[in-house]
Amino acid sequence: MSKERIILVGSGQHARVVLYNLKAQGKYEVACLLDGDPKKIGTTFEGIEVAGTYDDLDAIRQKYDTNKFFIAFGNMKYRKKVFDQFISQGWEAVNIIHPNAVVSEDAKIGQGVLIECGCLITPNPVIGNNVVVNTGSQVNHDNIVEDNVYIASGVVLSGGVHIKENTLLDDGVIVTLGVTVPPNSIFGAGTIITKSYEEPGVYYGIPSKKIR
Amino acid sequence: MSKERIILVGSGQHARVVLYNLKAQGKYEVACLLDGDPKKIGTTFEGIEVAGTYDDLDAIRQKYDTNKFFIAFGNMKYRKKVFDQFISQGWEAVNIIHPNAVVSEDAKIGQGVLIECGCLITPNPVIGNNVVVNTGSQVNHDNIVEDNVYIASGVVLSGGVHIKENTLLDDGVIVTLGVTVPPNSIFGAGTIITKSYEEPGVYYGIPSKKIR
Amino acid sequence: MSKERIILVGSGQHARVVLYNLKAQGKYEVACLLDGDPKKIGTTFEGIEVAGTYDDLDAIRQKYDTNKFFIAFGNMKYRKKVFDQFISQGWEAVNIIHPNAVVSEDAKIGQGVLIECGCLITPNPVIGNNVVVNTGSQVNHDNIVEDNVYIASGVVLSGGVHIKENTLLDDGVIVTLGVTVPPNSIFGAGTIITKSYEEPGVYYGIPSKKIR
């Protein structure tokens, strides 16, 4: 079985993580890397060439004969923007799922989603596009995780949780039963979220408080 | 191999979780659901009929030709009561253990126990009857977990821990080495329990404090 | 395939944990136990004889025809000291890794390392000698974990973390992206470490503070 060729977008530590999961999954091979920083063009990362920026995606598509991509950087300022740029130009994002992750058959998962080792995706969740579920994190029954959410490591979403778009849940965040988390927000490491919020912001602590 | 028929007690979100784990285990099939709410009789949940309440368990046993059951609702007010009602009428509870869970060979496990995916049950623990160990939780060496304890997701019981009966440990609770946790209590999400308590109550925080 | 004989050093609860992981790994068999307490000589633990203290390691080596050992007690006051004593007398420490742990191929792992079930060791970490990674803990990409570090259960080290030597991270500690943790220190259960420290000490809380 030949592997499908994809383009990875990013060439830093998160790209290393993506490459590790991609290799474990065994479904894709990386044609080249892209990076927003033109100075990186021509360098290599983990033995793979950084072939360009995102300025001329048509040329990249033609040269590497693929329109499949994956966002492989972590910076929340640009993850949505760059993802949307690819999609608007006709590219298709793949899903990278470590074989050690447990994913329920009925999970509805979008495109451009990373699910790392140790993750538990239990029955009946909906996960949007361009979502990261980092090592050992849980998306449990009847959860909704909207587009561009970044779930760091060791995060627990209890049942019936709703995480709105573009929000970052840092390492070890716990969201308790039935809680809704606002969009465009940051929840600091170890925050315990026991009630729903509507207002975007930066939240932290036990119990969680809006700090900005 | 034909699967053994059991009755599930409950028809809400926790029942969905139980059905997911039961299917992954591959050992039992569900003859029908029961629910305390008579209005649900005749409805279906996940394609399975809600056949009755718990008022006439003999009729249920006869009609479905099984005396095996499993408590598939989460409400701590009724889990012990309904479990005891079935047992007192000669029913037998089964254990539902996700194949992804790691369970040490020498673990002593009662009946009516749910152990979900990602759980780690390491050497020499004793787990009582009607216990839930939710996703990604750990019951470690030389632990004692008494009857009707509910361990939510991402909970860590360190070594030599003793959890007394009917207590709820909510998501992300950590119980440190050698600590004893009182019966009939609730420990809120994210609570870090670093010393033993005797008095039942509601506990919360880091470090844990009795708040009610 | 015959298993390789090793000597375990310790005969308490942590030795039980080591024996459990060793059996699951299936690579080593235990010739005997040693214990610092001479009163334990001649007793058995989990069916294995406590054959001596550490006073005459040459006699032990000759009698049991092995120079392979593993530290199987948890007390941080003595783990480094006893480990160094064995090494200085020409012994070699083995690694005990539960087959359920996920360990990236490119992880650089020293000797005398225990990695328990549910652990995630993701790409490009360096782990020193005589390190414990307890149940369900994560050593993530680009981490450095120095010699004699003890990582308890449910600990999350985010990416690019550096844990200096002889430090104990108790259950549920979270170390966020890029943080450096000082040597010879104790971080209490559930501590969230969001910034780097240089001074050894006892740290606790959310956010972490030096308390001694």
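Each chain gets a letter, A, B and C, in the order it is written, and its residues are counted from 1.
Throughout what follows, a contact is a pair of C-beta atoms (placed from the backbone, for glycine too) under 8 Å apart; a residue touches a chain by one contact, two chains touch by 3 or more.
Small disclaimer: the values here were computed from a predicted structure and weren't measured.
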Overall pattern in which the protein chains touch one another (line/ring/star/complete/other): complete
Angle (degrees, nearest 5) of the CA superposition of chain A onto chain B: 120
Rounded Å distance, chain A centre to chain C centre (Cα mean): 33
For chain A, residues that touch 2 or more chains besides their own: 118, 136, 154, 172, 190, 206
Partner chain B, residues of chain C touching it in the complex: 13-14, 16-17, 19-20, 98, 100, 116-118, 135-136, 152-154, 170-172, 188-190, 205-206
Touching residues (chain side chain B, partner chain C) in the complex: 102, 104, 118, 120, 122-124, 136, 138, 140-142, 154, 156, 158-160, 172, 174, 176-177, 190, 192, 194, 206
